[in-house]
Amino acid sequence: MTTAMNQQDGTNRTPDTEQLVDLKCVFERPQALSDKPFHYCPGCSHGTYHRLIAEMIDEFGLLDRTVGICPVGCAVFAYEYFEVDMIEASHGRAPAVATGVKRSLPDRFVFTYQGDGDLASIGMGEIIHAAARGERITVFFVNNGIFGMTGGQMAPTSLLGQKTTTSVDGRDPRTTGHPIKVCELLSSLEGVAYLARVPLTSPKNINTCRKYMRKAIRAQTEDVGLGLVEVLSPCPVQWGMKPGDALHYIDETVVKAFPPGEFVDKLESPIKT
Amino acid sequence: MPAKMQLTKGNEALAMGAIAGGCDCFFGYPITPQNEVPEVLSYEMPKRGRVFVQAESEVASINMVYGAAAAGKRAMTSSSSPGVSLMMEGLSYIACAELPCLIVNVMRGGPGLGSITPSQGDYFQACKGGGHGDYHSIVLAPWNVQEMYEFPALAFELADRYRCPAMILADGVLGAMMEPAIIADNAPPPTVPEKTWATNGRNGRAHKNVVNSLVIDPYGLRDHNLKLQAKYKKMQCETRWDTRDVDDAEILVVAYGISARLALSGCKLARKEGVKAGLLRPITLYPFPTEPIAECAANKKRVLVVELSAGQMVEDVRLAINGRVPVDFYGEMGGVIPSPVEICRKIVEAAQ
Amino acid sequence: MLEQTILAGFGGQGVLMMGKLLAQSAMEEGISATWLPSYGPEMRGGTANCIVVISDDEIGSPVSESYDAVVAMNQPSLEKFESKVRPGGTMLINKSIVPIKASRDDVEVYYVAANDIAEHECGSTQAANVVMLGALQSVRQKLKSHSIEKAIAYVFASKGQSVIDSNLKAFAAGMTSLHQNATAC
Amino acid sequence: MDLCQIHVDRCKGCELCVEFCPKHALEMSEGRNAAGYHPAVLAHPDLCNGCALCAEMCPETGIEIYRRQKRARQDATDQG
Amino acid sequence: MPAKMQLTKGNEALAMGAIAGGCDCFFGYPITPQNEVPEVLSYEMPKRGRVFVQAESEVASINMVYGAAAAGKRAMTSSSSPGVSLMMEGLSYIACAELPCLIVNVMRGGPGLGSITPSQGDYFQACKGGGHGDYHSIVLAPWNVQEMYEFPALAFELADRYRCPAMILADGVLGAMMEPAIIADNAPPPTVPEKTWATNGRNGRAHKNVVNSLVIDPYGLRDHNLKLQAKYKKMQCETRWDTRDVDDAEILVVAYGISARLALSGCKLARKEGVKAGLLRPITLYPFPTEPIAECAANKKRVLVVELSAGQMVEDVRLAINGRVPVDFYGEMGGVIPSPVEICRKIVEAAQ
Amino acid sequence: MTTAMNQQDGTNRTPDTEQLVDLKCVFERPQALSDKPFHYCPGCSHGTYHRLIAEMIDEFGLLDRTVGICPVGCAVFAYEYFEVDMIEASHGRAPAVATGVKRSLPDRFVFTYQGDGDLASIGMGEIIHAAARGERITVFFVNNGIFGMTGGQMAPTSLLGQKTTTSVDGRDPRTTGHPIKVCELLSSLEGVAYLARVPLTSPKNINTCRKYMRKAIRAQTEDVGLGLVEVLSPCPVQWGMKPGDALHYIDETVVKAFPPGEFVDKLESPIKT
Amino acid sequence: MLEQTILAGFGGQGVLMMGKLLAQSAMEEGISATWLPSYGPEMRGGTANCIVVISDDEIGSPVSESYDAVVAMNQPSLEKFESKVRPGGTMLINKSIVPIKASRDDVEVYYVAANDIAEHECGSTQAANVVMLGALQSVRQKLKSHSIEKAIAYVFASKGQSVIDSNLKAFAAGMTSLHQNATAC
Amino acid sequence: MDLCQIHVDRCKGCELCVEFCPKHALEMSEGRNAAGYHPAVLAHPDLCNGCALCAEMCPETGIEIYRRQKRARQDATDQG
């Protein structure tokens, strides 16, 4: 018979004090992450990327002076998960909202969190112009190749042949074109200070992501320009895959269309990380 | 330099009025007939350490305003009819998130690309809801260059008081014309109430602030809407209007903005022709002076509404009067400015 | 007192400035004034005009159906605005570049060789607009000439005394042009 | 206490921790948590060395990792 | 396959209805709660050699519709509240350029991002002018799945007849609910009048065609507006409405779309409680059934307007009735669906 | 005295018949260009580019099956100048309008004519996505580095240091970013079949422009993808320069920021022209 | 006749399908039906429910203040919808996964081990929803069982005869489940 | 007839034809056309060889160029 196993919520975070003597917590929720359980599907990397952002806010000591901008997309409730001031933008306009905040408060750390529908479809104008103006903002970009929230429609980043609810026979370049590669596209814009892409598919890649994120943040804090880290992320539900399979699919297939790596790095004195 | 009388263009007065009103940030995209607003602000704002950004579009402008307003700043944008139409989604967000800010619409002839000539065809959009959902902005309608200068400060003040967007609904004539107006070149910035809700970085605050217009639970969203509606009710006390020669009038003319000036001349001409006409000018289009119009019209023979449109505000006048007095309408569209003589003719007709 | 005037010409002939000087003068005298420009949809050439209303009462409409005075600095302006002069009103035509005559006989028409006067008497055709303003003042006199001179000094202040002086000279030349050589008809 | 603490009610049963655990210390449980998911459990605590790879992969930040300290109360150093 | 009764979802019915209505081109951007519309059309259209394009945004969608409509095709888009707000500039252009097309709004809770629950908060936007200038769309309000299926064809027909945009104003309930409806899977495409004005390449035509909304001369734009207004007047003959049990009613309930269904149940309950209530349901929201409402209300005790909004259509009902009968309003917002019991309560209250 | 010199309009196009015997007209208005005089400022290249487009319509025999889309910008009246069916788009949306037309009528030749404010500012989303989808349309793009129609405000393409009515002290990269190079930006998009940039500054360059235009048209007629020719064009009035000086300024200064040349050419069998 | 039902459970438990079968059956009988789903804002887990109204008259509202029957396939659904049953109405609870009892005493409550029955009697927990439908039918009987069987055959037609058969079996098992083992209270 | 025919009323006086005429055959006139511009004129018809560079540069398409035909009525060949 199936039944609930543990009714108490994440309150048992502090282990018994007697044991504290010789046990130290080496991996726990970052301070900047709220206690609220994520609403994401099982195996969705939105949660992972949230955690990494929260880690960075902790690491850079930015909790008290960060303003984050949420997208419209599955991460629409991101404001519930970060312990910093948050603004819910309209779909695609996070870079414009971030511009409004950053210009008003140049000493705050301002980030946007955006999906590929949000950033690469409806919000294309806004991200390009924020990048061209060299807005001192940091963009955390989640490329899962699909519109998750609205039910799995094709995104501009969907792979050729990819089956979605608006391309049931697979994406056809003749009528829908080719996937837009955001890092490649933005790299010609001089206001961009840092651009990188990484799949969130393994502990190693997650660590690479941290390195990239640090630089994208420094692009802002060191007043160089716009920083963006694109993560290749699974949408197991809309892809119709098990979470583990979705990660393998990224590593085997998605990276071919979206090669990982650093595309722009204008940081003057890169710190070894 | 202290305030002094200067021959000033409406758009320039508006720009200087925004500065005097403590505007911290301007975001806008050029469009005729309001281009002097961003042009003046593009050098006057940075000079004062304030923010000017030429946005890539009106969609971006309104969302930059959203961001700066969320950050607790006095933020504004300015545009004209087609550009303002592009802001409707953003405006609905701002209203729902209860952010104070200022949107200026120097209306031009529509619909579509239309023309750059003056018009008042955007009353419905401004007052009823061009965007989706039940929301309102405070809408101010200046009628001379002096008010073009003074209303930004008023708009910011009201917006802050009610945490809502405020709109200045002007038109191409008011934007382009020059008149003597008392303008302060270096007014001290007004004191702005502290915005404890602003998302400006916690900076020691015990809790985070969130600016949001998403309420996924229907009952939650219902309650939020009820809160907004209660606020709109409370706002009614800000209703402003003005009258000329209404006491003895048999014909009441109701008109706003530039139409009110045309109508004022029309009333004067009508009196010369022996018809007692008076003018009621709504200054706030939202909240609309429903009661004042109803009262003022009560003992009149007829009411004539004059607009540069096919008839938009006239609906609110009819709703106010609710059948008690006949309401006529005279409008011109497309940038044609009716002459006072023509208005006088309509008044005289109504009196018969 | 209510005086409604249209000033019209090619872009570059300074008709907007002419109107501005009138409005500024009214302000100097503490009476009401409005100045309303009108131009094509684009920055590209074509004609320009402005309407100036001055009054010792509050000004309602900045436009009118007919005007007390119309100044036509070029031929298209004459053609466009001739019908706008109220019966008994005044029309001034820049005969330096308008080769045709007005056709109305119910209005006072004056022909002023504004460009020629400006060129020969003030050393620059640039000042043709102010010459015309002088001529207008000489026949309508709704404002004190002194106010207009003050307005000229104020408006051209940033351009230096010599510009002010040549404009004052142009204004004076315009003022006398019709007395010497009146051609009302 | 185990080195690997899985918050049962955060778990959504995605199995990523199980897949990425190099020691095969984790398994999916047959039961359901309050949200209806089959959560992961530390089936073999003895195998777990606190490498934290499971925690790194957990999208829910639902796993905490502890390590033995050489000396108690020496919070600044972490050489476990 | 001939038409047959099928249990069908409102959004799917709408998509199939568009096909039956001869829709040549669909352009749209996903948004809940209307996603089945593009999803169904993404495979049904190409299958029939017709055009489906997932646009990059709603702004692009409406402008693609503008292009395809200019080319003489039956073109449509579908969205929900925030997405429709983004179309306001484009809609104003389409109306001014006199292009027939179809815009579907499956309304959700607003303002702002709001929620995805059903609502009727966009009546003002649809009927008064969310975009700038004086323009109108024909607005159809279905109340069941059968009408979701039938109205696209009707909308296209009316749009072609008057060369104007038509809008179907539905809501999240109608989009998501299933009902039996008679659906033809392969209806022959309707015959469409020839569009001699279309910009589809001259192809031997002696003159070029131009699609435009720019009229720079004020008198020209005035005349164009007068032409539009004359058309809107002519359209009045297309007014559609429906009634239930109004003849002997003391209370007239006016409601459209899903509200009308709730109200119908409310009326039935009220009759059980001894209060004679009848329903008038506007089917066209523009042109609005002003006369029918005025006539129908004439002998009633009170009128109750029910909407899922803070009160929008109620203004048009009040304008129609012009003070002759008291008009009450009951609304819910934010996606809360009032129960028939509650509506019955309001009816009974009104009757007292 | 100044006076009108010639009151008759362009009706004297046919020379006296006696002389026709040994005189042949070798340069005249293309058929696809209407008789209507342009409303552009003296020395503005909009007129030149219009003529070239009309020449191409004649050359390719497209008069009968072309649909052109005008921008909002100084060329807003372009529909008056071409003898083909024309649509006035809203500001920046010409590529979306063109998509609507081309998808409806795949055998027609569809072009947009767009300024840099129209295409590179408000219309950035639409041009990128039309390019990414590989719409079979031809884009004639006029880059004059300024908003001409509205009175000379800064454009995203304005040069650093350029004085405009919204950057009176010259464009400052710190607050307004760097000029957006449209050809470079679009070149990463796979739907693009042809991309080139050329200054319209001399008979030689005008001839190069013709060559590029032919390819951009063939990109559509041969079903390869989107074709775009960017012309570097003067706006003498808003630049505050005499027309001739404006052309020299382009050749000396503007081309440094916007290097001319072909950026993408996916035509299979380039015809020598 | 007007029968208003809520069917609720986890996403994946097939509650929407259950409702669809009810509505389809009504259609088979030529009477009116509406089916209205409700789910979270996202695709992501959580609960799902639908409301089915069937009537031999025109159906106005597809929702109600209270319902004739509520089917709770999991515990959150029980908690959420228990209050929605009208006094005297019916409540069915999937006791296979709901460990708690209903608290209302003014309604008829039935506990059905839907998952267990589906697993043991039909070889798949997948069919728990149709088991529950059978149980519902056995206690409310607003439609002919034959119509529901026809609906099952129609709706699962594309999945092949074996799926139809196992669902028919599940339906039958559900129909008898409460007779064998009734636990109304 | 001159080889270079300037449509006076199309001319906006931009001077580009004058600047680009390799033979210096064109000049700006002192007079004004109907639109108020000083138009270009073919001041030295004898210098003009019909190279059409002026016409190419004229933004108004305001110049037509003619060439002498070796033989009349032989329209197909243009070797002038």
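For clarity, chains are labelled A, B, C, D, E, F, G and H in written order, and residue numbers in each chain start from 1.
Everything below uses one rule, namely that contacts are C-beta pairs under 8 Å (C-beta built on N, C-alpha and C of every residue); 3 or more make two chains touch, one makes a residue touch a chain.
These numbers were taken from a predicted model, which means no experiment stands behind them.
Path length between chain A and chain C in the touching-chain graph (shortest route): 2. Annotation of chain B and chain D: jointly contacted by A, touch as defined at the top. Taken together, chain A and chain H share the touching chains F. Counting C-beta pairs in contact, the chain pair with the highest total is B-E.
Look at where the CA atoms of chain D average out and do the same for chain G: the two points lie 39 Å apart. With centres set at the average Cα position, the gap from chain B to chain C is 35 Å. Separating the CA-averaged centres of chain E and chain H is a span of 59 Å. Across the assembly, chain G contributes residues 40-41, 45, 97 that each touch 2 or more other chains. Among the residues of chain E, those in touch with two or more other chains are 32, 53, 56-57, 59, 82, 89, 93, 97, 112-113, 115-116, 212-214, 216, 337.
Looking at chain A, residues 2-4, 40-42, 44, 76, 88, 90, 121-122, 124-125, 129, 133, 149, 151, 156, 175-176 sit in touch with two or more other chains.
By the touch rule above, chain A contacts chain B in their complex via residues 63-67, 69, 76-77, 79, 82-90, 93, 96-105, 108-109, 125-126, 129, 133.
Residues 20, 23-24, 26-27, 32-37, 41, 58-65 of chain C are the ones that touch chain B when the two sit in their complex.
Across the interface of their complex, chain A is touched by residues 24-25, 27, 51, 53, 55-57, 59-61, 63-73, 75, 89-90, 93, 97, 199-204, 208-214 of chain B. Those residues of chain F that touch chain A in the shared complex are 121-125, 128-129, 132-134, 156, 173-178, 180-181, 184-185, 187-191. For chain E in complex with chain G, the residues that touch the partner chain are 5, 7, 32, 115-116, 173, 176-180, 261-266, 268, 337, 339-342.
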